[in-house]
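Mind having a look at this structure? Questions to follow.
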Amino acid sequence: MGDGARIPDEKTFGLRLDRRGFLGMSAVLAASGLLAACKKADTGGGTAAATGASPSARPPLESEPGGLQVYDWGGYGDGAYYPKEERQYLWKEYETATGDTPTFILFEDDDSGYAKVAAGARYDIAHPCAYRFEDWVALDVLQPWDTSLLQNFSSLNPTLQASGNIDGQQYFVVADWGFAAPMYRADVVEPQEVSWGLLWDDRYEGKISWWDSLNMLVVAAYYHGIADPWAMTDDELGQMRDFLISKKGLVSFFWGQSIDLFRAFKQEEVWIGYAWPDAWVYAKGAGFDVVYSEPKEGRTSWYCGFGLFADSENYYHAHAYADSWTSTKAAEFLLNYYAYGHTNTAVDLSLISKDIVEAFGLGDPTILDEPRTHAERPIERRDVYSEYWSEVKAS
Amino acid sequence: MSTVDARADAVRVGRRSDRRATVGLLSAPLVWLLLFFVVPVGFVAAYSVGAVRIFPTDGSVSLADWQRFLTGGSIYLDLFWKSVLMSLAVSVVVVLLAYPVGYFLALCVRKRKYVLLLVIIAPFLTSFLLRVLAWKVILGDQGVVNTLLFWLNLRAPDDPVPWLLYSRFTVMLVLAYVWVPFVALPIFVSLDNLDRSLLEAASDLGSSRWRTFVRVTLPLSVPGIMAAFVFVFVPTIGEFVTPQLVGGTEGYMYGNAINDLFTEGLDWQSGSVLALFLLLVVAGLMVLFGRWIQVRNVAG
Amino acid sequence: MSDIAASGRARGLLILFFAGLVLFLYLPIGILALFSFNDGDVSFPLQGFTTHWYGDALTNPTLLGSLERSLLVATVSSVIAVALGILAAFALVRRRFVMKSAVSALVFSPLVVPYLVFGISLLVLFTALDKFLTDTMGVYIGLGLHSVVIGHVVVSLPYAILTIMPLLERLSLSLDEAARDLGAGPWETFRRVTLPLLLPAIVSSFLIAFTLSFDEYAIASFLAGTQPTWPVYLFAQLRVPSLLPQLVAVSSIVLIASVLLVGAAEVGRRVAERRYAGSLPETG
């Protein structure tokens, strides 16, 4: 493309926002986090005392085997996207503190990650996303964290930590979060209104990409004003399915990974897409005039956290890793490189880059709250949703 | 001559003390196939009726999944027929394209027929994914065909031909492209084995070439045609890679449904039902077409 | 003969059709090769000649890693498949036994099973096995290159047998008997008489199995776990082509290499067979 920024690929991402930009963004997020904390500080949980073996029964850190096995997404430490920066920001602190280098085992998505563990795979820590938190706990392979061992825990957004608190135990330390929203190219797309409806705008046939996920049913539900998109009845699901089927002809293809969506934008195959923030960062860096919209029905948000395996032999190592990942340094990296949020509310404050603020609506502390953003929540009848989505694809 | 010889040798060898030798020879391959081919398939069958459970969400023993699938309660049976139709269309086109090639090489070429045959088959022996990549590159909105059209001013640069890529047409085109080389082989073999004297006799009896073709050559080459048809039809029903790469949203096939059930959404039990159904259909087809498929003849 | 099968005009049309089909088959491959040297994106107009994509590709560790893994899997699975294939071919050609047609059907059935179905059945088996082992013994094996090797041996086996059988049939047993009359034991006979004569077919079947395994995507996609083989890596890059001309560069290399490899195998096989047939003693 010939522009200054190097185009990201699996190994040589050189994209970077300027320092003022990321610091500014984290400032706003911190502010919003603090505000949220103030509002909801009384929703119990969050810092339940650790149970399990008393600290004295555990071998100290020095006699743990090390070689911490981290079961995680690509680009979160293994170096898939930013080889040097991932290490530097996410786990250098851990390495310095323990002298250990972690091993990364990757999973492609939550389902396959969960499947492998259900089949018997065991690691030290895992990093799934919230909608599966309860499934993981139900597998009976995790033990709760001892939050008193986590130095950064008190700085973490309590509301999100509450979602990792199951049955009164802190099974998950929620670290990262992000939005999902329609992203479009401002130079070729003129939205009639900023809405999820962009994803089925008749005027842009063949230039649209959806995420290959049952979440499409959820956002269609928000578009239609359904009361609780995360717990729809069969009737409602049927209506959403039929609606999506009727609009499917406008869609070019379904993307599975964020990088696929970016590449489609880059090749100008697609002008509108259901997108996560990192796709916006890549597209912007490639020189496109892309807008990460705030649809009138509200964005959705996802969040993910670290879980500790019950039979891990690296108890203290694991806590040290979680600490490293929940530090402000890690927050800087996520915001800077992926435009993902981080739950650490104590990030440094500074000036804000207008682009990023506008793109993610960071100027307003209520951005994370309903109804502007709908936090993802577990879907009880997930398998039913899954079937309806398969029907959308199969028709 | 030497085959007769081998058979005679085989007779000589069928003595009792050599049965142990036979068992010795066969044990390794058979054990491997039993363990890693028969058992897994049996497992899938058991899993599809809930006799095996892996995940906490798996149901217990019941035929409900099968019932729902077969009585059209779920959308997958429709998808299956849709895929069958697509495969049928592709197979017919492929056989039509491959037949003249086989005919030409077997009956009209004297020297170097095997070299020319290799030229046709060689692409099939190269990477399948790369050949699909080539088409993605050629058919995209900013791909070779469209940019060529822009360059030649046949189409405006903001108006590429949209249905070239990510459509049912693309899937069928790419599938045909991939399979034509392979399918030429059985047709060639059956025509090559044709007794020339039959053609000469027909000609001596005053038959025109066209008539000879229709009434002698074509009927005799039917085994080759059937083999060719099956060799492309069977794999393409279960095709999922090509649709994923070039099918976009229109080209979703039955194989994709199976793949998705196993990789997204984690409904392995439904996936097993669909997979087993496909296997049974394929097995049924092979029994049906068994007499046309002499594996040895077709392999050349 | 050629006059009998087609008139001059029909013959002309057939030649045209043949040429057209060859063009259709090779043009996309040729275009890929062309753009591997293009100094820019894979679209017209061309932007100048360069070989730096090849250099880039050859220094891309993820790409190279996947190539290495594929080479490893292909080699190991082919060796096993050929070994098993030789055994099975001997049994099928030289032995008479009761269940011959059933065994034959079993041995050749992987040819018609869709790889999708086979891949997931191994996935289900290995996953269930892992769960069982974890629950009872706390042992977890997991999926990986070993699983891919197992799957590839199964699907390569019929091809190996099909390649070896014709040549084996042509080798007369009288050679074996002559060797035994001269005092050689069965193993020595095999090693010094049969095996050398069978070598062209063995090499051929190895190359076919190798090519099959190296390029195989469906089974590997389910069984490779976290270590992608070359097709699995390639597929991930292909879902939306990123115009990585590196990929195109490597593709060209792999394409040409496999064409040459298989061509050489075929040529070698026919040369050896012709040579052998020429020196075959006249048998009854």
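Per-chain residue numbering starts at 1, and chain names A, B and C are given in the order in which the chains are listed.
Throughout what follows, a residue touches a chain if its C-beta (ideal position, glycine included) is under 8 Å from a C-beta of that chain, and two chains touch if they have at least 3 such contacts.
Because the structure is predicted, anything quoted here is derived from the model rather than measured.
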For this session: Provide the labels of all chains in contact with subunit A and in contact with subunit B.
Result: C
For this session: By the contact definition above, name the pair with the higher C-beta contact count: B-C or A-C.
Result: B-C
Seminar exercise, completed: Averaging C-alpha coordinates per chain, one finds the centres of subunit A and subunit C separated by a number of Å equal to 42
Problem set entry | Distance between chain centroids, defined by C-alpha means - subunit B, subunit C (Å) | 16
For this session: Please list all residues of subunit B that touch 2 or more other chains.
Result: 54, 140, 142
Problem set entry | Where subunit C touches two or more other chains at once, by residue number | 127-128, 131, 239, 241
For this session: Enumerate the residues of subunit A that touch no fewer than two other chains.
Result: 115, 118-119, 253, 267, 269
Seminar exercise, completed: Within their complex, subunit C touches subunit A through residues 60-62, 127-128, 130-131, 133-135, 140, 142, 226, 239-244
Exercise. What does subunit A use to touch subunit C in their complex?
Worked result: 9-11, 105-107, 115-116, 118-122, 253, 255-257, 260-261, 263-264, 266-267, 269
Problem set entry | In the complex, subunit A residues that touch subunit B | 109, 111-112, 114-115, 118-119, 135, 138-139, 205-206, 212-214, 248-249, 251-254, 267-269, 383, 386-387, 389-391, 393-395
For this session: Within their complex, state which residues of subunit B touch subunit C.
Result: 1-3, 5-6, 9-14, 18-19, 21-22, 25-26, 28-30, 32-33, 36-41, 43-44, 47, 52, 54, 97, 100-101, 103-105, 107-110, 114, 116, 118-120, 122-123, 125-138, 140, 142-144, 146-148, 150-151, 177, 180-181, 196, 199-200, 203, 209, 212-213, 217, 234-235, 237-238, 240-241, 244-245, 255, 258-259, 262, 268, 271-272, 275-276, 278-279, 282, 286, 295-296, 299
For this session: Flag every residue of subunit B that touches subunit A in the complex, lowest number first.
Result: 54-57, 74-76, 78-79, 140-142, 162, 166, 248-250, 252, 256-257, 260-261, 263-267
